[in-house]
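Below, each structure is written out as structure tokens.
Two complexes, one shared chain (chain A), two partners (chain B, chain C).
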Partner chain A sequence: MTDRRSFLKFGAGAAAAGALFPISSQASNGDTKWDQEYDIIIVGSGFAGLAAAVEAKRLNAKSVVVFEKMGVYGGNSTLNAGQSCFAGTELQTKLGITDSAELMVKDQLKAGRGIASESLLRHSAELGPYVYQMTQDCGVKYRDHIITTGGTSATRSHQTIERSGAGFIQPMLKTARELGVETHNRHKFEHLIRNDNGDVLGVQIRRGYHFGHEDSGELINVRCNKGVLIATGGFGFNVNFRMAQDPTLTAEVGCTNAKGATGDGLIEMLAAGATPVHLAHIQSGPWASPDEGGFGYGAGFSLYNFPHSIAIDRNTGQRFMNEIADRKTRADLELQRRDKDGNPQPALLIAPKAEAQKDPSMKKVLKYNVAWEFDSVEAIAAHFKVPLKPLQQQIKDWNGYVANGTDPQFGKRMDAGRGIKLTAPFIVQRLWPKVHYCQGGIQINTKAEVMAAKTGVPIKGLYAAGEVTGGIHGVSRLGGCSTPECLAFGITAARSMMEA
Partner chain B sequence: MKSLTALLLGLVLSTSAYAQQNQQPHHEMAYESGCESCHDQGMDRFPSDQACLQCHDVDDLAEQTAREGEDAKQNPHDSMHYGKEAPCQDCHGEHSPKKALCQECHNFNYPKFND
Partner chain C sequence: MTDRRSFLKFGAGAAAAGALFPISSQASNGDTKWDQEYDIIIVGSGFAGLAAAVEAKRLNAKSVVVFEKMGVYGGNSTLNAGQSCFAGTELQTKLGITDSAELMVKDQLKAGRGIASESLLRHSAELGPYVYQMTQDCGVKYRDHIITTGGTSATRSHQTIERSGAGFIQPMLKTARELGVETHNRHKFEHLIRNDNGDVLGVQIRRGYHFGHEDSGELINVRCNKGVLIATGGFGFNVNFRMAQDPTLTAEVGCTNAKGATGDGLIEMLAAGATPVHLAHIQSGPWASPDEGGFGYGAGFSLYNFPHSIAIDRNTGQRFMNEIADRKTRADLELQRRDKDGNPQPALLIAPKAEAQKDPSMKKVLKYNVAWEFDSVEAIAAHFKVPLKPLQQQIKDWNGYVANGTDPQFGKRMDAGRGIKLTAPFIVQRLWPKVHYCQGGIQINTKAEVMAAKTGVPIKGLYAAGEVTGGIHGVSRLGGCSTPECLAFGITAARSMMEA
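Right after this comes the complex of A and B.
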């Protein structure tokens, strides 16, 4: 406590000095008064930041610091369903699933619709087995069940037993600290500090920052010996910024992200001349529920149930999409479900309780009013004012598709449903997309170096990994495919910085 | 500089006036000890996260808010997402009402919640 208090007093003094001599992002080496110094500076404590921190220490980095602007660690990474696509694992073999990195890249390129980065996807997929092992070394525990996510030709989404990204973040944060990484919350990244050549020398940090109070805390300058990694995530919660890229993403569309996902790191790198890629490609999660905030419990429920369930339009009582198509396909179609006045009329996901109850998410969604149980088709129709006859016919037709193993309506991969028919009682959840992931960001190469727009060469000393980077996934990212990429490029950034 | 001082003074005055109107009854003792007993970083700043821990012990809090069985990880003082590390002020505000961080994404009910 004494140490912390005297540390804080020192901080106040440094802030006064900072007020007299404000530092710009263009500050040159000679002008900057440095308050602290580390080998490696990591901004952001999500998957990419923590993977980099652990890997840097594994490579014997002397001093590594992670700055987190929020009060809590883990950012968006701690909130998701805890899934990570790896191809060719022992668990897949045990479950009789044939898969390969090559096939995973092929699936991702297809969803990317011609503008995904094959080299970055391949780099990430090939690091998969190392990532899978490293996370387990940190104490991450995976379920025995592998999830089928949309747009994949093999079942490969491995999931933490917590069924949350927290299952990665908590053990990785603990491991990083045990290895000697310093972690500081309420430290907001403000600027890159660069020399006259544009090389990154360090960062300006707002210490003691409280989210939503932009002037809180005091500015300090932190020097790096080897590099700065920006791992600040996306801008899903920055409604102005996202609407500038995609005007359909109004405030009507919610957001699954941690509220700190405001794009600070991205915006600062753009100011430093980094190359923007695909900023308009922003993905909404088609599994979200309008009956809770953020990611919530509904996402886990629908992810488990989509393969053997149907999503229906309340106006017609009929299906309107392949429930395991890629995310963009589904989110766009869900957003089109409207009442006669054009107001949102969320679709209904109808799942058979007999199967739904096998996953722990069912209890949660029922308990917290995110889904409801019905004994019959009639009860669903009456409750949600859906035309009964077409709904009955649709369910009858669907069960025929299950029996035949083909879906003539939307071409759904019926083997993912494992022959499970849709029978009463039913569990019903409403579906409305929420902004989930920003495919766009700044450009990196396979060394996680940030590329300068003006010259097309890396900006010296600057690295980026995770959602803040762009162009990897192209138009649409497949489910469970960000986590392995964030981890892989965090690891890569650490390796590159240690070689620099 | 003069205007800065005036601004700071204004902040301090308005803050203390505000504080008097919004006090948690269970913090009466802290008020008697003076604003600085919590505002360890100066009156124009948020208290440090350590300030609350001068009186509150996180292990005790976690015990008080413990939940059973499948709800065990919904303990706001020992959660699945943040362990025992969620800083007090992310959920609690002395001079302004707040809600629990968990409630941003989950329909959890915390009937005994003190903002």
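Right after this comes the complex of A and C.
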């Protein structure tokens, strides 16, 4: 993202300013000139940052500031389907769904493949009902329909009526401001400012920053009384850094993230001695379409339709996966769909229009050529050059599974499809994973304190929450489980800072 | 390893010294008081450090120093079976083995499961013949017998006559000293010393350090003219840090490493802005015995015998893996052997004494109660409570595979067993993995330069080699493939520093 030139330039600039250490976080000394001061400094205005801001004010913090480097607030959090898994809500009860924090933790531990953090998962899941209520207090509106996401043993993904993360961000931003939180966009976090013991005293901010112009704006030093929360998100768009972890994730590989997801905050905390965790576990979204850029409309369509639809390999005309398995399982299997020369041959998600049309996502994918309507199996086979007879047989078999309530092919949880059969006309979307989420980041404890690599104890004054942290999800994160974690640990960080 | 108390103590101590930045690497300014100066500073005296020292002197470096924090030289490198994979040696040709660097890279890429670095692997493999010759020039003696390690498609693991890494370390240390390299034990690397641009100028060393006493000795500043090589090894013995990556690797889990493998050098480089890579990929050795501490004697025994022996699940009396599959495959499968309560039930490696006795490892394991001799299948079954009939059938089946040259159960490469049948008397060792190797570390390029996380370009003056680096092996490292990599990148670092 930054090149050597701008790196050196900044080095020179800071040296000229004379106030601070140019390379990294280890500004020290008692003679830092402070430009501003707040009780609580929050870097990043996504789910974690805004939840922390609201909670800090609820706990009567005197002064709270949120710095956002981009022109618009919300970061990557605005760009998802607005889903959040909560276990044990009134809405679940109303819909006859039995669930618990314990079950949610169990599902996530399984997806984490042995290296997820049980204590962090439990902390987040148990805070779920509070988060659900608090977001509603902020004005977040949830749909009456709860969604089944892959790898879960209970239907628990609550969704905003906007079907978008903006449905959280906008009311929470409004609430934070009403409570007196200062918010500043185009303010980029550059460095932590620390004393000789390594305690965090504040941050260096580039005020008036314009994304992509690393030396734009001016540097100011901002002091905190209680703590600094880094909630800057993942590094999905930092091609250098993600390729260091996985050389196959070249610039050619799509990414669903907002452009600002460059990992600056993560990298700065590493230089301050934070512990890196699970950076190599980068999740690709199995619901993405290769026929549009970014997160796109296809994700909403496929997420709605996976339970009652089938995914087909074009070479065989057969299913190749449980369409609601966890993300890693599906993404890995989707990436194996290849033509005889080894080139990508995206699988086909075939959905029944009768059901698909009940969700607004269908109109979007048809309008933007991310999915297409077909009147018959023959038409699908002819268009995508899929062997017809195996495909016909597969659809016949599938409808038998729907009738019997069991999937002998891949063990799909058939209750999620609510008995909906796959009949013409069909809507077909292509599936190819995109980089979506960084499970890895810096290590925190259940107080959202950042753990030092050298000592294994928290770095005083430094907190982190959301995708910039790592370890909670392990190898694979389940769908709808980032939002509740971001919100829960943002809230937790605010509580910890107010107790500090 | 270090606790908060000692951390703070050091902070205070350094502040009192007044010369340097206490917390991390970012000492800068032009007023550092230098106590010593060398062309090349090498931290760590294992394979990578000593290979660099010898190569630097071969290239006429004026002054080269090796700092070792422990009382004895060689670190973790002394503690293995003395194996090193080279492709295309005269010894292979003499033994009729067809092999190539390309084939070695291909094997390693497969084990790396998609995220290994092809460029680093190729660089290392292609340097193999030079490394093989250079080590012999130093006085390293190789056996005439080359070993088949798991996951390889050609027999290429060359072994020192001592069957130990000390067989490399001792002659290389002697050669380095003869060439004029200064070596200092009980000198612990504390910090990098850098200028305002982040370039590495030298190191802070704790002279007179005694392991476990973090404030022992005194701090000195050592300047380099050409560069600093960090070759400090892995973090297998740093329980905090490894648990951050994998919460199951508690203090209860055994570790084959030398006690000094605490990751200090890695953590210091991270604080200097190096890029962390693959830290979560920690390898457990599938050849370890639960009946002894550390690396032990069992590894040598099982490594010799895996090709012509079988590993048995005690519950079933059946094989459960390809005994020469790659390490991760085997370790994962071994860890799944459990009794009905879920407690570990180590598998049994059953070897034919007629062959086992040809290797000196047999005497050791019998002497130290790491393996036991049995006259019959019945005796094994009775002693370990294995169902007799399935075990008898399995051994009969196995000997059929030996005769036919194919393994229909697990696809083991049967030529590795050279037609040796499994007949009484038997030697039986128990198998349970131990933490052995950290695939992860900091990122380097093919010049052994350390890559900065923030900029994606090398940190000037800083080089790394060996287990402290990450990314080369990906998810799983093949047996016998650490030593050649350590040696090759140590040599490479020396060449780069001499060109710098």
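Criterion: the second predicted complex is superposed on the first by the 474 of 500 C-alpha atoms of A that agree within 3 Å, B and C clash if a C-alpha of one lies under 4 Å from a C-alpha of the other, contacts with A are read in each partner's own complex, and residues count from 1 in each chain.
Just so we're on the same page, contacts are C-beta pairs under 8 Å (C-beta built on N, C-alpha and C of every residue); 3 or more make two chains touch, one makes a residue touch a chain.
Note that the coordinates shown come from a computational prediction; the quantities given were computed from them, not determined experimentally.
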| item | value |
| --- | --- |
| Partner chain in contact with A:Ala280 - chain B first, chain C second, else both or neither | second |
| Which of chain B and chain C A:Asn369 touches, first, second, both or neither | first |
| Chain B versus chain C as contact partner of A:Tyr297, first or second or both or neither | first |
| First, second, both or neither for A:Phe189, with chain B first and chain C second | neither |
| Chain B versus chain C as contact partner of A:Tyr401, first or second or both or neither | neither |
| Chain B versus chain C as contact partner of A:Tyr38, first or second or both or neither | neither |
| Residues of chain A touched, compared between chain B and chain C (which is higher) | C |
| Touching partner for A:Gln170 - first (chain B), second (chain C), both, neither | first |
| Those residues of chain A which chain B touches in one complex and chain C touches in the other | 4, 8 |
| Of chain B, residues touching chain A in the complex | 40-42, 45-46, 48-50, 70, 73, 80-83, 85-87, 89-90, 101, 103-108 |
| Parts of chain C lying in touch with chain A, wherever the complex brings them together | 2-4, 7-8, 11, 15, 21-26, 28, 114-118, 194, 196-198, 240-241, 244-248, 264, 267-268, 270-273, 275-281, 440, 443, 451-457, 471 |
| Residue numbers on chain A that touch chain B, as the complex places them | 1, 4-5, 8, 12, 70-74, 78-79, 162, 164, 166, 169-170, 185-186, 208, 210, 213, 216-217, 259, 291-297, 360, 363, 368-370 |
